[in-house]
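In what follows, chain A forms one complex with chain B and a second complex with chain C.
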Partner chain A sequence: MATAEPRSAGASFEFEGRTIPSGADDTIASALFRAGVRTFSRSFKYHRRRSLYCLSGDCPNCLMTVDGEPAVRTCVTPAASVRRVARGAGWPSADRDALSILWRLRWLMPVGFYYKSMIRPRWLFPIAERVIRRIAGLGPVPREPSESAKERLNHHPDVLVIGGGIAGLAAALAAADGGERVLLVDEGAIGERIAPGALRDRIGVLRDAFARHASASILERATAFGIFEGPLVPVIDADFLHLVHPARIVVATGAVERHAVFPGNDLPGVWLGRGASRLAGVHGLSPGRAIVVATNTAEGLLHLDVLHRNVTRQGGGAVVAAVVPASLASGVPAGIEVIADGTVVEASGSGALRSVVVEAAGRRRTLRCDALVLSLGLEPRDGLLRQAEFEAVLGAGDVARPGCSAEEAEDDGRRTAGAAVPEPAAASSQSSAPQLGSAEGFVCLCEDVAVEEFEHAWDEGYRSTELLKRYSTVTMGACQGALCHAHLKAFVRQRSPGSWTGSPTRARPPARTVRLEDLAAGARVPLEHHTSLHERHVASGALMDWAGTWKRPSNYGDVAQEYRAVRERVSVMDVSTLGKYRVAGPDATALLEHIYPCHVGDLKPWRSRYTLLLNEAGYLLDDGMVCKLGDGSYYVTFTSSGGDGAESWLRDWTDERGLTVHIANVTASRSAINVAGPRARELLSRLSSDACDAQAIPYGGLREMVVAGVNCLVIRVAFVGELSFELHHASRQSEALWDSLLDAGREFDMLPHGLDALKLLRLEKGHILIGQDTDFDTTPSKVGLDFAVKMSKPDFVGRTALERIAKLPRERSLLPMTFAGARAPEEGAQLFADGAHVGNVTSSRWSPALDCGVALGWVRHPDGAPPSRVMARDTIGHTEGVVTKGPFYDPKGERLRA
Partner chain B sequence: MTLKLTCPNCGPRYTTEFWFGGEPVPRATPAAPGVDALRADFERVWLRTNVAGVQSERWFHHAGCRRWLVTERDTRTNVFHGHG
Partner chain C sequence: MLSIERAHAAVVACFASPQALDTLPVQPGTHRCRVAPDELLLVAATPELAGVTERRATEHFAAAEPDALVIDQSDGWCAFTLRGDEADNVFAQLSTVPLPARRPAFLQGAVAGGSAKIMACDGYIELFVPSTLRHHVASRLQDVCRGRTDGAALRLA
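What follows is the complex of A and B.
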């Protein structure tokens, strides 16, 4: 029977040089098993031969590299669309693996050897790591970017049901009957793993009844891998990362048959009952020619029946003996030898099962067989359930009450769907602790941990489930504790009965292995803001770069020329990214007077002032301009990245003080172009009949002008240190205004300038950039902005703190400095004075105007006066500098006041 | 964190739309400067209750109405209990 053809014609895939045919219902594993493959993997540490065991995606035995992706669970992956499959570990091959010698050398690798030996020499570790990874057969991580581009999809059902077995379907159906919107997800296709029979028929009936509801949705081959706060349940399928935000969750993930620990329990030919039953009932394959079934449950008898009927009918083998409690003996079909009240104590064979030793009534018997099927009770598959401590999450069916009958599971599911209030998840009361009789059997198949290793670790002092877990790595493998968690608990409880140390370990996402690629589904380039002039910049060849969430021109090709245009002639810059707000209302003046440290009340209409924004600790939040348009009517600006925060600050204080103020964010609807340079006024007068001389719009003033037919609010500003006018206008007219300015500017040989030139221009003026030159705890006096703080005001936000800080010695200042050497230091260079580290450079450029390096840097001066000479050390070398007084350029500000 | 809270202006939204504003603290009112006022100011600016239980806290709905709201949240369970 092992060589039988697939039941229905299907595709094929390549397996290490062979072509493996597969049927429509085949998983990769079943197709391989049919083709005679018996060695599915080599174990992680000792290279033990491993074959199919659970056939449910719970054990690590069938992990293979599929189409370049390592560690794919081939027993639950449909074979249909697969092209290439290979086993990971084994040299020269998984079938004949010289590294299986490691099993004989295991005394060299006791539990924890890794932590004790991988210490010195340190250079050896990266090499050893590579070798170990290779030997372990973890498979290569794909180097190429993935082709798949999964999207995120949000769902907001009333109820999410995880698991489409009897209990899950009953819960989903009951909730849908009650008028709720229900999303049901299942790892596989619903019912596909159940052998044909009454149970599978019932699943089909429930599924059809559920699917008929308009409010029902089903996701199949979709893995829920965690329950996060919210609750949020991420579910991955072939096309999407589904983000499910349900009001309630029913976890019906079922149970795993208990993993039995005895010598030889990992031999190929040892099966869990559901796995063997699935192989025979669903795939029409026999686990062996001579099968021994050991069970103590009613479910086990069902598996025995499925095996007996299918295997004997197909003539591939026979169930030769059943090891059952005497009470179940009557359920064993005739013709099968019954060994009543027996226990399997050992399995042996070289590379495959040859015989098992059964102990019954004090006597040991050896049974020759090539398949041992174990159905010894259930352990809940509760990795998800245990993650959800606080959420509205209920378990239904086997996961909450392992070993319940199908009828009980259905009742439980129905009842769970109706339960409005979470009740404590029922403990797995029916299952007794698993037996840990022998020291040699494997507790953990993923990491090759045997009972004797628990004992070593215990003797070394790792005496709780959490510590044993970390030291031995049990439950940390691909199965995430599905098989071994119960044994870990049982071991600790046996050693220290009644202690908290035997509690279940903390369950965390992911409950199933996930690909990083899937977690990144839907991740995009972050939100990208464009100004209304974006297309113009791109068209003129500007180098665009990130500035916060904005894309802004760094330069248009020649920073030196752009700089000279501003200093010598005239230039324009798109400054639409500034945070811009209209603030008006009866209490507008009171609000601004309260949050700004400068005077606002004495501001006359059409006058403006540079302002700082401070928090209550006296620390700088942002800076900008406040412009008065009329009584209780203001236009205020903030920095490009600080506008949103400043708005929340304004609104906060408006609410707090109970003021009547209207705040409108016009950052997007109003654009701004700065016209700067000694000939800026000439340029404006070419395009406007409104006066813009020093009387009409003096330094510190603003006015409305029509420029090139566009209504503008024109504000005199100082940032670059030349005569400059900021033209604030409606965004839809921005391109027209920009074009007119560039057109008229030809006469002046005008160029637009970008951020590179701007940063140099402002640095020559000693103007700080909030965020670049400041930290979260920067007070105005530390950065030379005392002029913008009026302590004569009776109150403003931050005043009390500043008053207190003023009494303390200032130990750190941002200082201007010049570097006369061949270059300016790099931004971020470290500063030294008299050999001692004193600070760092925050802004630095080579200044064409001064013909030397100019910089701003933080300097510590705990003893009073700051040093006069500093040395900057950066990635290139050293530069000697002198602490000076700013501004470097036009210190009296005559040019900008022109 | 994907908690859902109900904005009085916009309805139920995920907290990713909000900025967290911390515990509401009484703001200083203009007062004559003095040692006690300084002390009060210090405590107001820097000290928080940080209860293990139901806590009032402020959120700014930056991706919605751009208004501040005050909620009651149990810090042990992350369950919101309506609005203050």
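What follows is the complex of A and C.
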């Protein structure tokens, strides 16, 4: 049989210093096998030599590093576009791996040994962990960011069919014939893994008929790796992470041949029947020179026939013996020795198969061979089907009825396409449990779990499928139980025949290996909000930084100057990020009275009030302003990152209480600029003929004004502790207004200020930042905001809880502190009082106005009064602080009331 | 060929009882997009139509329901028009919202991670996203069009 050259001209790739030619139909594995490679990988734990086995992507034996990506299934990966292939593990090489000694030392590493041995001495475990990580595994994971940037692509078919075999195609065609939109996905190219013949021809006919439908879509070389609630099925191919949202799903993923367990069952040269048949029939290669076939199925006889014809015809070897039930003996081609009713009990060889021991009629016999082909029944490839617990997911063909004929599979597919509910799977003719051989036989090739390790775990008390699975890690490797799940069930059933319920373990995504970067396809770009002044800030050289989902100016180059502009002259800041809402309707006041702890109904038109937003537990959600407009409706604001949540809060309570309220989110359509500083009023006067004196807009007031030709709602605010006006206006006019303010502000040596200056300005006033200075359980009284809560109101959200909390001793508070040393403590610094840890700093800055450090921090005081002095410890050192009463700056508020 | 461009439209939001919204007359060429039983977006082809659309709606509600709220939200939305055979495909890369075969249709859902309103029309898709996300969505549209062998005309500024 030809083994030196591919059957058709193709490309080549580099394999550990060699150039490997490949044909157009070659997979990486077939090209390597043709080139004489027999060691494809080293096993996960014991470094045993592994070679091709299933050739269907179900076992871990062919996992190799391809173009830098580890654990690629080379038996199903086309060789055409590959550049470099290497084996992932083995020292000094995969061919001659010194670590294979671990198999002989396995008595030192029984199942679960790491749970027991990696405890003491403690210093040893990190070292041992590093060593184990280097020894075990499938190759190094690349640390460089990938060049690929896959996007997501959503699909909404009526029917998703997973698997392009005979059952899947029949289901897809039937659904398309019925007028449904159908998406068919297959891991490979449809039909490519089937040897030429009637079945492949039929697949071609069905495929062509399906593809002719306008409502039909086919994704080839695309792997569905999970079924999530929805249902949602993620499918990966070379270009996209496809997110499929079908109304119904037909799983037609077929079956995998039963893995047989006996000593030496993992030796290179042991094959599953479909794999060997595919190697010979599709790739024109012989699995060995002397081949023994062991089968008990009609399908196995077909594989025997394919091997016999191809291998014999091309002179690459011969099938020397067939181990079959007596009932199938007549189907064995002439010239092949028949061993009737025999069982393979052992395979042996040093690094590769040299002989098998067959037991028949009570006698054991050794057969010399270099290939053992096993076709002993089928296990459903149901890793996806077992993830789905929805009626809309049905199995068709082998996955539901392992061992059904091609005709039965086609009928089944057709029937399934129209079925509304799953039919119970017919009992398979091959549904008997797999036999577990002697102790050294490998149950799990992925994790190197032998029968003896099952026994060990069982003896330790892990006596259910779920426990045994977790303790031994069987079914948790790359194949996700495709080969070993049936054996796990069989073992438990054998050991506890009376109590086992028969339920399989739950399958979870991913059913196939998937790259983490592929899971992040299309999600690598965070949501980024810009205000309408974003370009202006960038043009000014502002340092833009994240603030929640917004990009905002941290500063414009000189925080100290920006701070001084606010305190001494006038400054502007873009505060368009505030959550802004219009609230109107007959029940608007009732809603706001209910959700705010302050009075709302007594607000006169053109007056505003600082408000808190509490949840039912009395904890702070957000804060902002409520402004009453001239028409009786309200304009309310929330924090930049709290706006969306506050809107949901408003809408939920509107529904909950059956109110008629109109809530309009105007955050994007209305921008806002804060004009702050002792000369703010002068600046506005330069740009407006409308009055803005203390009578026209008193503290706590608002009015409509035309500023620089722009209609504005002007609100007096207090956050930075100076005379301040927020100019709310249509976003399209924001740049013009900003420019006019800056132009007019030159007279006052005005500068815009960013978040860095703002944080210092508000801290000097002792104003908290929700989120930074608050925790999930912060009540108003803990942060000194009792003034914003009117317990005299009969009802508001959180009132009952606050009433109850008020009766309890307060154990901690957010307190203002000053630090007289040369610096302020870092935010996050730990606070100590009398040597005991009492809390932490949440906000801290050096205050130019006070010439000392100022901070807010949580301080525990379970015995009543808080400590008067604290010690802050941070990454630099210690700082002595004094607990004071806020605010630090302008405590009487005379400046902001100017 | 795929073409994606910024569009400019008038968007007027009306909040009123379902009955009052149902009886609101609109000018020819103005789309009625029912966001919720008590919320309606009126979308007109050019921003200049915002004033007249808002005024007529206000006049209607002055009689039909004085507590109604009418707001020109044109500044709050940024529109992109996706045209060509690949328009549905580009949309499907940025949104899980299914596009119906029957057009025209008004849809709501997340696009590129942000909340959006979608008008799926014959031959094109009109995508409205919050104006605060205009750069983000434009950037994502460019991302998904990058590398297209058939090319794409992008006018996103």
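List of remarks:
To be clear about the criterion, the second predicted complex is superposed on the first by the 874 of 898 C-alpha atoms of A that agree within 3 Å, B and C clash if a C-alpha of one lies under 4 Å from a C-alpha of the other, contacts with A are read in each partner's own complex, and residues count from 1 in each chain.
Heads up, the rule we're going with is that a residue touches a chain if its C-beta (ideal position, glycine included) is under 8 Å from a C-beta of that chain, and two chains touch if they have at least 3 such contacts.
Note that the coordinates shown come from a computational prediction; the quantities given were computed from them, not determined experimentally.
Using the contact criterion defined above for the overlaid structures, shared-chain residue A:Arg152 touches chain C, although it does not reach chain B. With both structures placed on the common chain, the touch criterion links A:Val514 to neither chain B nor chain C.
In the superposition on chain A, no contact is made by A:Ala547 with either chain B or chain C.
Contact with neither chain B nor chain C is seen for A:Val882 once the two complexes are overlaid on the shared chain. In the overlay built on the shared chain, the residue A:Ala340 is in contact with neither chain B nor chain C. Comparing chain B with chain C, the partner in contact with more residues of chain A is C. Once chain A of one complex is fitted onto chain A of the other, the partner contacts of A:Ala691 are absent, as it touches neither chain B nor chain C.
In the superposition on chain A, A:Glu528 makes contact with chain C only, not with chain B. Using the contact criterion defined above for the overlaid structures, shared-chain residue A:Ala86 touches neither chain B nor chain C, since it reaches no partner.
Once the two complexes are overlaid on the shared chain, A:Ala801 sits against chain B while remaining clear of chain C.
The interface of chain A with chain B overlaps its interface with chain C at residues 245, 665. By the touch rule above, chain B contacts chain A in their complex via residues 1-4, 14, 19, 21, 27-28, 30, 33, 37-38, 41, 44-46, 60, 62, 66-68, 77-79.
Every residue of chain A that touches chain C in the complex is listed here, in rising order: 149, 151-156, 240, 243, 245, 522, 525-532, 534, 550, 582, 584-586, 633, 660, 662-670, 730-732. Those residues of chain A lying in contact with chain B across their complex are 228-230, 232, 245, 390, 616-617, 644, 647-648, 651-652, 655-657, 665, 794-795, 800-801, 803-804.
Those residues of chain C whose C-beta lies close enough to touch chain A in the complex are 13, 15-17, 38-39, 67-69, 71-77, 89, 92-96, 98-99, 112-114, 130-136, 139-140, 143-144.
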